[in-house]
């Protein structure tokens, strides 16, 4: 199994380093692009040209409104790339507008999604035991709701 | 007939359990992904690789603005997946912004759409008897309007 | 010539009935789906599997913000379906936010677009005599503007 | 060389007439549709079925918010049609929200874009002499900026 | 290696000139179109018909709301073109809403992205040494964040 890792020079932290730690022992192909709007085609190339079975796309979203617009456009394109290749691309974006301890949030999100990628490679029901469990990446899990 | 069921670990309730009850006796393939933006490719894989005749995609939308943006992106991609496969994917999303008794609304929506899926499998006019009847999933039906 | 008619159970009026009256004497294939986001794939199937030469997609948009978002997503997908099939799909949506006499507006819009469908089937310049004439569906026509 | 001209019955002025004057002596295929959301598939058909080398799509945008949403959807689809056919479709939209002398603005925009279409047919660098010159359609050109 | 350069007559500065200086010694194909919504198909043609290995798409966004909408539509289409061709198209847009010394910002952005294009042509890890370094085009780089 080969995992693609697409990251950017725009990001203000080395998101790929956290992912690489989680992917220790797994074959990884890295692709670094300028910004998040370049991630979709890089991810598609990782799948098609570099034979990755899944891709983790790491994006960092600035605090301006235009950054959020770019993030939206990138997420649309990343899902398009998934559909064109029938392959999962995990869209791991940290938004500066989230505030708080930015590095802590970003690291938690990257690490948990790297583990999600490994789980998805095991099969389509590997994550079913956690279905509906309010899992969050970047934060503590949300509470689950019981039927009234 | 085989029904695909795509659900998420993000959801705060086990939406798939309600659908499985409604689909009792029907062959079901399940696919659990992290979040709603992963549902489109999972649904496409259920159709193409797991030979599902229809898919029910179960999404849970958090209360933040970014969650609504993700829901929008996911719905665009899910319709793209439908067009690429010429197969129905019912987009069953509960939004926390709806408020009220969240579990009750989500359960009603899931159960009714599971029944819609079974109806659509019977043929393109199976639901015609209910056309224009103000059917709602999650709530009571809306009133129908008479011509003045 | 065969006309496809896609409608929903969500609608609060039987929009298809008005269209069927206008299409009297024409071969019609009907496809009823739950909501407007299901219209795109139904329309594509009417074209590809049921050999329709044109489709009239009838949508009813609720008064909430989420309904408008759904309408937007549906319209994007319907145009995608048109491009994938190189076939017209008339997007006939009534929005509750329009207010006024809802049934009157909806009926006028449906009937006029059913006639537009028949005109488009006759050829690409059939409507040219009305080009730039401020034609409206749902309301009286707008005034035309003369050059100053 | 053959130019496609797609226009609507929704428009409040005969936009095609202005284009036809500019295209005098050129082979033109016209396609009239109800509204701007029908322009994308009409343009694709002009290219594929009527062998047009370029298309001018003429849209008129009403003053309501829903009209602007439709214009956005139409522009997304028109660019999709361009990509599917690898052929230019000039998107010539007049928005009532622009105010001012509507006919004057619309006419200027249509005429200048008709000339742009003819230039693009001559080759990919035909417009390079005007690159960065602040060219506007509908208004006087914008000022160009000098480096400080 | 051949670099495509797509630019517009709408821009208020000769963005291509700055790129051409950075690309000195590299084979370049230029394509000038009226506005930013024409860049996607031009870029696709540069890749498919003119055999470019990468494209730099230069857009200038006016200060009105409609200009930002156009920029959004153009960026969606440009990413679609990238996915259809599996080729990078760097989306280099200057927005008048950024204010400040417009020419200085635009020039810095164009020059840095021209260098990014050359780096991407060298391979997928050429930019990895700058990953997570807060690189900005148009401005000074952002600060990087250390883990707490």
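Order of writing sets the labels: A, B, C, D and E. Residues in every chain begin at 1.
FYI, a residue touches a chain if its C-beta (ideal position, glycine included) is under 8 Å from a C-beta of that chain, and two chains touch if they have at least 3 such contacts.
A quick note: this is a predicted structure, and the numbers were derived from the prediction, not measured.
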item	value
Chains touching both chain B and chain D, listed by label	C
Contact distance in steps, from chain B to chain C	1
Interface composition of copies chain C and chain D: same or different, split at half	different
For chain D paired with chain E, centre-to-centre distance based on mean C-alpha positions, whole Å	24
Mean-CA-position distance for chain E and chain B (Å)	39
Chain E, residues touching no fewer than two other chains	76, 80
Chain order around the ring, beginning at chain B and proceeding next to chain C	B, C, D, E, A
List of chain A residues in touch with chain B within their complex	68, 72, 75-76, 79-80, 82-83, 86-91, 95, 113, 116, 120, 124-128, 130-137, 142-148
Footprint of chain C on chain D - complex, ascending	7-17, 29-34, 37-38, 40-42, 44-46, 48-50, 60, 62, 66, 69-70, 73-74, 76-77, 80-81, 84, 101-104, 107
